[in-house]
Amino acid sequence: MGDLGAILLPVSYPHRRLISTRWADNDVYGHVNNVEYYAFFDTIINAYLIEQGALDIHAGQVIGVCAESHCTYHAALAFPEAVEGALRVGELGRSSVRYELALYREGSDDPAAEGWFVHVFVDRASRRPVAIDGRLRSALEALA
Amino acid sequence: MGDLGAILLPVSYPHRRLISTRWADNDVYGHVNNVEYYAFFDTIINAYLIEQGALDIHAGQVIGVCAESHCTYHAALAFPEAVEGALRVGELGRSSVRYELALYREGSDDPAAEGWFVHVFVDRASRRPVAIDGRLRSALEALA
Amino acid sequence: MGDLGAILLPVSYPHRRLISTRWADNDVYGHVNNVEYYAFFDTIINAYLIEQGALDIHAGQVIGVCAESHCTYHAALAFPEAVEGALRVGELGRSSVRYELALYREGSDDPAAEGWFVHVFVDRASRRPVAIDGRLRSALEALA
Amino acid sequence: MGDLGAILLPVSYPHRRLISTRWADNDVYGHVNNVEYYAFFDTIINAYLIEQGALDIHAGQVIGVCAESHCTYHAALAFPEAVEGALRVGELGRSSVRYELALYREGSDDPAAEGWFVHVFVDRASRRPVAIDGRLRSALEALA
């Protein structure tokens, strides 16, 4: 009582995206290969940034480079079912951001996998870190 | 006149499926790599058969093996836009089927690519051709 | 006798490249997914052109776009065995080239698959066809 | 003196494997997509186990399922250069193993990426953990 801090609030993800699986995702054991989970992470993050007008992957001066990623696998996914991806920003720095992600079998409330992914934003030509600002920063702040 | 056979009817596809693109689909030139078009073909075909209860990829005695495939590329697709796949059966034999497929940018009426794909149905263990019958044949006939 | 034209000469491929398979190549039926064969084609062709100094995929003014591709599957490949790819030029036009390819299980003389692939060379910015000349033409002529 | 613990010994990897990159590995920024690094991990691990006769991915009663994976990216890799993968076992439990991996540009001594990967070995049918023993345990011990 008076100790609300001790109550673990469920993590909530402000952004969600449905991803269709593909025949080739299933590996020899009949489920989506662990590698594809990272392809889903990549897809959720970049599609969000592009659709927000925060990242121009073809001609923008600033690009996002992956510095670190991680995934914990809880349950199997399998083609042809769809995957629901969920995204939030866990930490937003000057030139880098740590995303936190979850993947769900469509219709399920229990994540099949949880992970995180660190993007460092760099200059396209020099590949040196740049400050996150403008539409990119606001798009990321909206997920915090 | 009286020569209606000479009028080319537009090809119609009885089955359609929306497929989400992924970050990794785009190649260094900024568009979906030509290889992924075949992954879309595979996905449309197998998802249809599985959802019709016509193919059990995990335990069924009969599996479909690709004998030949082809794709003609008309226009570029690019992540993050979705792709609409269209499928019909062009020829249905005793143990093989020739699918005809088209891929569209979502919302477009002009195919970005057209192709075909031959499945031979074989016994999972012996890999020898088997007759297409039962639910598999009716699922394929429905696309003819 | 006097009918040498009837003797089928074996197709010979001037360029060969060993490609390692990956865990994810195997699909649920335990063999390399048909789609990956096209990834092998792409790899053999582009690696050859890059290593010949005939194509600069990062900054060159001219890029190769796939217009059409085809594969006929004869036998299964499977991870972890390596694949030997073979390449020759079947037809060389003003701005396009038709490659002919074969894939072998390492150590085998019988192709597991044969196919072809048409590259149209275009201007990177305008995507309009350009004439094949210079090092690009000589690299392709060397495979004819 | 007496402070040898402070000297960082270089991590050594008892197993190495050369992996060829593919055209499709390069993403829109011109380097191997971060996701493929995990495909390299998967490939190094499973190829080793298969070639040691420690894992039968087609018919064995025991299969390896990924429970967790991680990668830290130090430098870019790019098609068409080859990647050298290095593998060791960091921790070997009753039914799970933690592999530690590094990826190098061919000929380089500085890892382009380092990561780890946890395999839990389970019964193919029930997917319940099983004890690692026999050839599987000896193959893993050889990498410790």
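Here the chain labels run A, B, C and D in written order, and each chain numbers its own residues starting at 1.
FYI, contacts are C-beta pairs under 8 Å (C-beta built on N, C-alpha and C of every residue); 3 or more make two chains touch, one makes a residue touch a chain.
Note that the structure is predicted; figures quoted are calculated from it, not measured.
Residues touching across the chain A-chain B interface largely coincide between the two copies, over half of the numbers being common to both.
Among the other chains, D has the CA centre that is most remote from the centre of chain B. Averaged Cα coordinates give chain A a centre that lies 35 Å from the centre of chain C. With centres set at the average Cα position, the gap from chain A to chain B is 30 Å. Rounded to a whole number, the gap between the C-alpha centres of chain A and chain D is 23 angstrom. Touching of two or more other chains is recorded for residues 23-24, 26, 28, 30, 33, 35-36, 39, 42, 57-58 of chain D. Touching chain A in their complex are the following residues of chain C: 23-24, 26-28, 30, 33, 35-36.
Of all residues in chain B, only 28-29, 33-36, 38-39, 42, 57-58, 63, 65-73, 124 touch chain C in the complex they form.
Across the complex, chain D is touched by residues 18-24, 26, 30, 39-40, 42-43, 45-47, 50-51, 57-58, 79-80 of chain C.
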